[in-house]
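Dropping a structure here in C-alpha cells format, bear with me for questions.
Order as written gives the chain letters A, B, C, D, E, F, G, H, I, J, K and L; numbering starts at 1 within each chain.
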Amino acid sequence: MKLLILHGPNLNLLGLRQPDIYGIRRFEDYLPELKNAFPEVELEYFQSNHEGVLIDQLHQIGWEMQGILFNAGAYTHTSLALADAISAIPAPVLEIHISNVQAREPIRHHSMIASACVGSITGLGFDSYRLGIQYFIWNQGTR
Amino acid sequence: MKLLILHGPNLNLLGLRQPDIYGIRRFEDYLPELKNAFPEVELEYFQSNHEGVLIDQLHQIGWEMQGILFNAGAYTHTSLALADAISAIPAPVLEIHISNVQAREPIRHHSMIASACVGSITGLGFDSYRLGIQYFIWNQGTR
Amino acid sequence: MKLLILHGPNLNLLGLRQPDIYGIRRFEDYLPELKNAFPEVELEYFQSNHEGVLIDQLHQIGWEMQGILFNAGAYTHTSLALADAISAIPAPVLEIHISNVQAREPIRHHSMIASACVGSITGLGFDSYRLGIQYFIWNQGTR
Amino acid sequence: MKLLILHGPNLNLLGLRQPDIYGIRRFEDYLPELKNAFPEVELEYFQSNHEGVLIDQLHQIGWEMQGILFNAGAYTHTSLALADAISAIPAPVLEIHISNVQAREPIRHHSMIASACVGSITGLGFDSYRLGIQYFIWNQGTR
Amino acid sequence: MKLLILHGPNLNLLGLRQPDIYGIRRFEDYLPELKNAFPEVELEYFQSNHEGVLIDQLHQIGWEMQGILFNAGAYTHTSLALADAISAIPAPVLEIHISNVQAREPIRHHSMIASACVGSITGLGFDSYRLGIQYFIWNQGTR
Amino acid sequence: MKLLILHGPNLNLLGLRQPDIYGIRRFEDYLPELKNAFPEVELEYFQSNHEGVLIDQLHQIGWEMQGILFNAGAYTHTSLALADAISAIPAPVLEIHISNVQAREPIRHHSMIASACVGSITGLGFDSYRLGIQYFIWNQGTR
Amino acid sequence: MKLLILHGPNLNLLGLRQPDIYGIRRFEDYLPELKNAFPEVELEYFQSNHEGVLIDQLHQIGWEMQGILFNAGAYTHTSLALADAISAIPAPVLEIHISNVQAREPIRHHSMIASACVGSITGLGFDSYRLGIQYFIWNQGTR
Amino acid sequence: MKLLILHGPNLNLLGLRQPDIYGIRRFEDYLPELKNAFPEVELEYFQSNHEGVLIDQLHQIGWEMQGILFNAGAYTHTSLALADAISAIPAPVLEIHISNVQAREPIRHHSMIASACVGSITGLGFDSYRLGIQYFIWNQGTR
Amino acid sequence: MKLLILHGPNLNLLGLRQPDIYGIRRFEDYLPELKNAFPEVELEYFQSNHEGVLIDQLHQIGWEMQGILFNAGAYTHTSLALADAISAIPAPVLEIHISNVQAREPIRHHSMIASACVGSITGLGFDSYRLGIQYFIWNQGTR
Amino acid sequence: MKLLILHGPNLNLLGLRQPDIYGIRRFEDYLPELKNAFPEVELEYFQSNHEGVLIDQLHQIGWEMQGILFNAGAYTHTSLALADAISAIPAPVLEIHISNVQAREPIRHHSMIASACVGSITGLGFDSYRLGIQYFIWNQGTR
Amino acid sequence: MKLLILHGPNLNLLGLRQPDIYGIRRFEDYLPELKNAFPEVELEYFQSNHEGVLIDQLHQIGWEMQGILFNAGAYTHTSLALADAISAIPAPVLEIHISNVQAREPIRHHSMIASACVGSITGLGFDSYRLGIQYFIWNQGTR
Amino acid sequence: MKLLILHGPNLNLLGLRQPDIYGIRRFEDYLPELKNAFPEVELEYFQSNHEGVLIDQLHQIGWEMQGILFNAGAYTHTSLALADAISAIPAPVLEIHISNVQAREPIRHHSMIASACVGSITGLGFDSYRLGIQYFIWNQGTR
C-alpha cells in the first residue's frame, strides 16, 4: 500500500516554529517512527511552501497512491486551487491538522478543501497522521 | 481505561435514517465489534436526543472517564451550552462525525463545540469512533 | 387515518399567552371541535416544551402516522436537531403556525425545519390546523 | 362570495415548465375542478407576467373581492411594490406557493409580501389553492 | 418652463391607502392647487404602476422637460433600471417622498435611484412637491 | 414576598467550573447567606440543564412569584423559546449574569431573552443576585 | 417666526473646503441673502465642530424655535447622541445636506438622525436651506 | 436558423446614453451589419423596458428559436422572474453585456440570470453579439 | 467612600425627554434622595453632553474615586474613546442604563464600553443607580 | 498577430478531471484544431499551476502579445496578484471560462480579475477560446 | 519648517495607561528629546480628548503648518468628521500609531481617517513620531 | 547590521506599472541611493512573484537578518501563509507600502500579515523604505 504525507507551507519548520502551538519535535524525527509503526505501508513524504508545487505533486501521484494525508497549513483556508486539484484526482485525500484549528483565529475555522476530502483529523498532534494511516489501512481495497 | 461514546440527537436512528448519508448499519450492531477490538478499554455508550440530558451526562461522568468520544449530531452547530459543559469537566472530549459535515449544508460547516474539544475526527464513517478510541489509548496517562 | 398534532414550546399556554398575537382561546377547547369536524381521522395530540421530547416523539410515531401537523413554536427558528428528526422519519410533516411569523421579528422570518417538511400553513389561526388535516385527507394513500 | 386567484410571472407555463418542481398538470385544467368543488364561490382567475399589471389588478378588485389567493411567483422575493399594493387594499390576501420555496435556493427563502398578507400556504401543490379557498369560506363575514 | 411630476406604484391610491402614513388627501385634489401656485410652470403629471412604463416615460420626456419630480414609490428601493433611465436622460430628476422613508422599515432606508438624481426632498408631505417645483424655478437656465 | 432564583445549564457546577471566570465558591454555599440577608423574602431556588424543564418551571411559577432572577447561562444566547416563555407569564423576570458576558466571546454579547426581561444585572459576581433581590423588594407592589 | 440654521463639523469652511463638492461660496456670504428673502423670519445661525456643543444648542433652543434646519455634516452618519437630542426636544428638525450624500461614499448613504427628523432636503446646494425655510413658513402653526 | 436578440431596459437608448460606457453608435445602425455578416441566420430583434413584456416574449418564442442573445440591462441584477422564464423554455439563452459589468458598481457584479443561461459574453462592445451568433452557428443541431 | 455618578449626552433632560422611555422624574430631584439613602458615601454627580469632557472627567477623578456609575447615554454605543478612558484609569466603572436598551433599536443592543467596565445594571429605572451604589459599598476595600 | 492562451491551475488535467463539468476532451487535442482555424494567428499556449509562474509569464509576454486569453481556473476567485499583473501590462487580457462559473458554488460567482480584463467569455466550452481569438482578430490594430 | 504633533483622546495618559500596550514613558518626557533631534524644525504639540477641539485645531493650523503628525487615538476608528477636517485643509497629515493597531481588536483594524492622510506609520512606539518628522524634512518643499 | 528588502508580486515592474499609483522610478535605480544613505547597513534585496518563494526566502534568512522590510504587494491582502511564515521566524518584519493602500479599493484596506509584523509604514513612496531602515538602525540590539 502506497500512501503520501503531503505538507503545505511552513510545516518544514515544525519543532522550530511557534512551539506553544505546534510542539517542539521536528517532523523529520517523527517520520521514521511512523514508518516503523506501519511496516506494511510504503510511506512517502513531500513538503512544499509553494501552492503550485503542491498542485503539481497531487497531479503527479494522484493516480498512483492509495491515499494521501494532506496538511495544507495556511493554504487550507485560502486555496480553492488545491480543492480543485483534490477533486481532480482519484486518490482519496484526508485532511490533517496538528493543532485544533477551530479553536484558533476565525480565519482558521473554515476549510476550503474539506468538501473535496473524504474527511479530516484535527488537533491530535502527530497522532493525527498515525490515525490517518490507520484509517487507510482499514479501508484498503474498499474504494 | 474508561471511555464513553456519547451520542446526540437522531443518532439512535443510525441505519434507519438517511442511509445515503449515514449508511445502513445500526450503531448497536457496530458497538460489540468496537468493544472486541479494544478489550483493554471499558467502553460505555450513551445516547440522548435531549440537550439537557447530554449536559447532565457530561457532568456526571466528566470526573470519571479518561476520554469521551462525542458525536453531538445537530447540537454540534447550535449548542453553546454543550460547549460550556465540555469546558467545565476535566475529561478530554474528542468531537466525532460520521459524515463529512464540511461537505454538507453551510449550517453544518461551523462547530460550536470544537474549541472546547481536544480535536475532531470527521467523515470517516464508523471508523471515526475506532480511531478516536485508538487516540485515547495512545495518549493514556499523558494528560 | 392516523394524524398527530405536535406542539412545541409555550403552546400549552395558548389562550393565556400574549392574546393579541395568539388569541384568547385554549387549544384544549378547540381540539374536540377539530375531532368532530373530521370523524374519519384518528387525531392524536402531543405537546412538550422539551426539544428532546419532541424528537423522541417524532421518532416514536414517525413510522405509524400518516401525517404530522407540527407547530414547533420558537424551536422553528433555532432547532436543526428537529429538522434532522423530520428528515429521519417516513411520515410527512406539515409546518403549522397560528400567527403570521413573517410579519413579526426578523428572527421569526426564517424556518430551520421548513426544508425538511412537505410544506407549511402560516398565519391562519386555528384554521391552520383544520386546513392541514384536510390536506392529509385529500392526499391519503398518495405517498 | 367572490374570490380571485392571482398568478404572477411564469405561472402561465405550469405543466410545461420545470415539471420536476411544478408537476405536469396545466392550471387551466385544474381550474374547472376547483370551481366544481366550491359551487358557492364566484371564483375569478387572472395571470400576468407584469408586476405593474398585477398591481393594477389588485387596485381594481381590492375593494370588491372577499379574498385573494396570490401566488406571486418570483416577484414574491423581489417586489416591494406588490407588498405595498396588498397593504393598500381592504381585501385579505393569502400568499400561495405550489412548491416548498423554503427548500429551494436561498433567494426564495424570504418573502417580501408575507408581512402584508394574512398568512401563507406553501408547498402543497395545487391543493394549496383548494385549502386557501376553504379558508376564505370558513372565515366569510368575519373580517 | 415644463416640469413633470412622475409617480410610481400605488401612488394612484393616495388618500385611500394607509392614511396614517400618506394622509387622507388625494393627489388629484392637490394638483390644481399646485398648478395655481406656479402659474409660470407648465406642469404635467403622469402615474404608472409599471416599472417599464415609467422608464418609457422618462425616455420620452427626458429631452423635453426642464425638470422631473420623481416619487418612485417602492421602486425607489428595488429598481436599478429606473436609476439607469435617469442617468440616460439630460433632464435633472429630483427624488421626492411624501413620508420620511428613513424612519420606516430598513428596506426603505436605501434609495437605488438617489445617486442618479440631483437631490431629494423627503418626508414633507405634499409640500415635498411644492418645494421641488420651487427649486427648479430658482435654478431655471442654470443647467 | 416570593422570589425564585432560576439557574440554567452548567450553573450547578459553580465553584468547580472554570474558576478564573466564575470563582471558586459553590452557589449552594452562598444561598443560605442570601436567605439570611433577606429574611422578609421567601426565596426559592431551581436549577436545570434542560431548556424544556426551565420553560416548564417558568410556566408553573409564573403566576405565583413576585419576581424571578434568571441566570440562563448559555441559553441566554441561543434560546428564543425561553424568551417566549418569559413573555408568556406575568411575573417580572430579571436577567442575571455572574461574569461580564460582554467582555467574553462575541457569541455571549447578545442576549436573546433581554427584550423579554425587565432589565439585567451583569458581571457583579454573586452580588448580582443580591442586588436583584433588593430591586424586587424596593419595587414590591408597584407592578 | 424663529428658525435656527444649525451647522455641524467643517461647515465653517464652506467655500474653502473641497470646492468641487461644496462650491466656492462661503455660507457667511449667503446668509444675509437668505435673511433678505424671508423678512418675516427671525433667522438665527449657529455652527460648531463639537458634537457636545451641538447637543447643548439643541437643548437650549429646542423649546423656543419653531423649526431647526440642521446640516450635521459628518456627524449625520456617526452620532446617535444627536439623534437622541433631536427626539428630546419639541421643535421640528429638518435634515439638510448641500451635496447629494447618497451619491458619495457608502458611509454617507445612511443617516443616523433621519428617523428623528421630520424630513430631509438633500443635494440642492444652498437652495436646500432656502427651501427648508419655505417649508417651515408654509407649516407655521400646524404643529 | 432562427435567433433572437433580446434587449432589456434602456438599451433602446444605445448611442444616446452614457457614451463613455456604451459608445456612440446606435444599435439600430449596427443591426443591418450584423445581419449581413450572418446571411444564413434569420435574426430577429426585440427590445422592451418592461420586465413583463420580456417574460412574455421569452415564453412566446422560447419553443421556436434555436438561440437567444439576451442583454437584460439592469434587470440582469434584479430580476428573478426573468431567470425563471429562461429556465422555463427550451431555447438556449446566452447572457450578453456591452460593457464590462464586473468593472462597474458592486450591484452590477452579480447576475441573477447567469445560472439559467448557457454562458455569457461580457464587455466586448457590439462584438459581444457577433460572437454570440457565431457560437450558436457553431453549435447548431448539437442541443 | 467617594463615588461619582457620571452622565452622558441628553441625560440632563431626564424627566423632560421621551417620558414613555425615561419616566417623568428629573434626576436632580432624585439625587438628594439617593444621597440620603447612603449617608456613608460622598456622592458626586457630573453630567456632560461632550464626549471629550466626559473623558477629561474620567481622567481627572479616575485615581481618586472608589467607584464610578457611568450612564454614557448614546455614547455607550458609539464611543471607543470612552472605553479607552475607562481602561486607562484604576477606578472601577459600572455601566448603568435607566431603560432596557436591549429591548430598543438594534443599535442600542451593543455596548462599546461594556468590556472595559466591571459589569452593568440595565433597565431598572433610577433604581439602577441605587443598586450600583450598594454594589460599591459591599465591595469597598476588595479591589 | 501574436496571441497567448494562458491556463491556470488544474487545467492541464482537462479531459481527465471532473468530465461532467469540463468534458472529456484534452486541451492538447483541441489546440491544433484551433491553430488550423486561425492560420493568420501565431498562437502560443502556456499552462502552469503556479500563481507566481503565471505572473512571471504575464510580465514576460505582456509587451509582446496583441492579446491574451486567460483562463485562470480557481485563481480567478482568489488572486489579487494576478489582477495586478494584468493591470500592469499593456496587452489586453480576455477572461475565459469553459464552464458556467456563475451556475456553480457561490465562491465561483465573483471574479477578482474581471475588472482588470477587457471582458469575459464564460460557459461555452472550448468555443470560449475560439470566440476569444475571433474577437482579437476583429479588433486587431484598434487598441 | 513648522510641524505639529496632534494627539487625540487618552494620549495625555501615555506612560500611565495600559503600559503593556503603550509603554511606561510619558510623551512629555520624550518631546524635548524629539525637539533636540530635529533642531531645524519648529515642533508644536497639541493634545485634546475632544473631537471638536481637534477639528478646530486642524482648521486653525491647517494653512500654516508644513506637516501634521496625527495620532487620533480611538477617534481613528470612529470619526468621519476628523477625516473631513483633514480633507478640508492644505497641510499634509501623516497618520501615526504607537501600537500595532492591526494586531489588536477588530474595531481597531480599520482607520476612518487613512484615506484622507498621505500615509501612516504604525506600531513603532515613539519612533513612529521621529520617523514621521524625518519624512516631512525629506519632503520639504516638494508639495 | 544585515537587513533585507523583500518584494512581493508585480513589484519588479515598479516604474513601468500604473505610474499614477506607483511613480515612474524603477526600484533598481533607487536601491544604490538607499545603500549610500546607510553605509553601516549590509542591505540585501530580493523580489519574487511566487508566494512560495517568498516563504522559502523568509525561512532561509529569518535567523540571520536583524530586520526585514517586506512589501508583499497583493499578497498582503490574501496570504495567510506569509503571515504564518513571518510568525515562524525570529527576525522582526516591518510591513511596507509605497501607495496609501487604505485609500484604494476595499480589498486593499485589510492586511493579513499586519498582526505578525512589528508595525507598518504606508503611503510614503520610496521614503517608506528609507524610514524603515532608519527604524531598524535606531533599534539595533534592542530586540
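Here is the rule we use: a residue touches a chain if its C-beta (ideal position, glycine included) is under 8 Å from a C-beta of that chain, and two chains touch if they have at least 3 such contacts.
Given the structure is predicted, the values throughout are model-derived calculations rather than measurements.
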Q) What is the set of chains touching both chain B and chain K? A) none
Q: Determine the shortest chain-contact distance, in steps, between chain F and chain K.
A: 2
Q.
I need the pair from E-G, F-I or D-H whose contacts repeat those of E-H. Over half of the residue-number contact pairs should coincide.
A. D-H
**Q.** Copy pair chain F, chain I: interface residue numbering same or different (half cut)
**A.** same
Q) Rounded to the nearest whole Å, what is the centre-to-centre distance of chain F and chain L, using the mean of the C-alpha atoms as each centre? A) 54
(Q) So the centre of each chain is just the mean of its C-alpha atoms; given that, what is the distance between chain C and chain F in Å? (A) 31
(Q) Taking the mean of the CA coordinates per chain, how far is chain I from chain L in Å? (A) 47
Q: Would you give the residues of chain C that are in contact with at least 2 other chains, written as numbers and ranges?
A: 50-53, 78
Q) Pairs of chains that touch, anyone? A) A-B, A-J, A-L, B-C, B-F, C-D, C-F, D-E, D-H, E-G, E-H, F-I, G-I, G-K, H-J, I-K, J-L, K-L
Q. Inside the complex, what are the residues of chain D that reach chain C?
A. 94, 100, 102-103, 109-111, 114-124, 127-128, 130-131, 134-135, 138-139
(Q) For the complex, give me every residue of chain E touching chain D. (A) 8-10, 12-13, 16-18, 48-53, 73-75, 77-78, 107
**Q.** chain H to chain D touching residues, read off their complex
**A.** 50-53, 55-56, 59, 78-81, 83-85, 87-88, 112
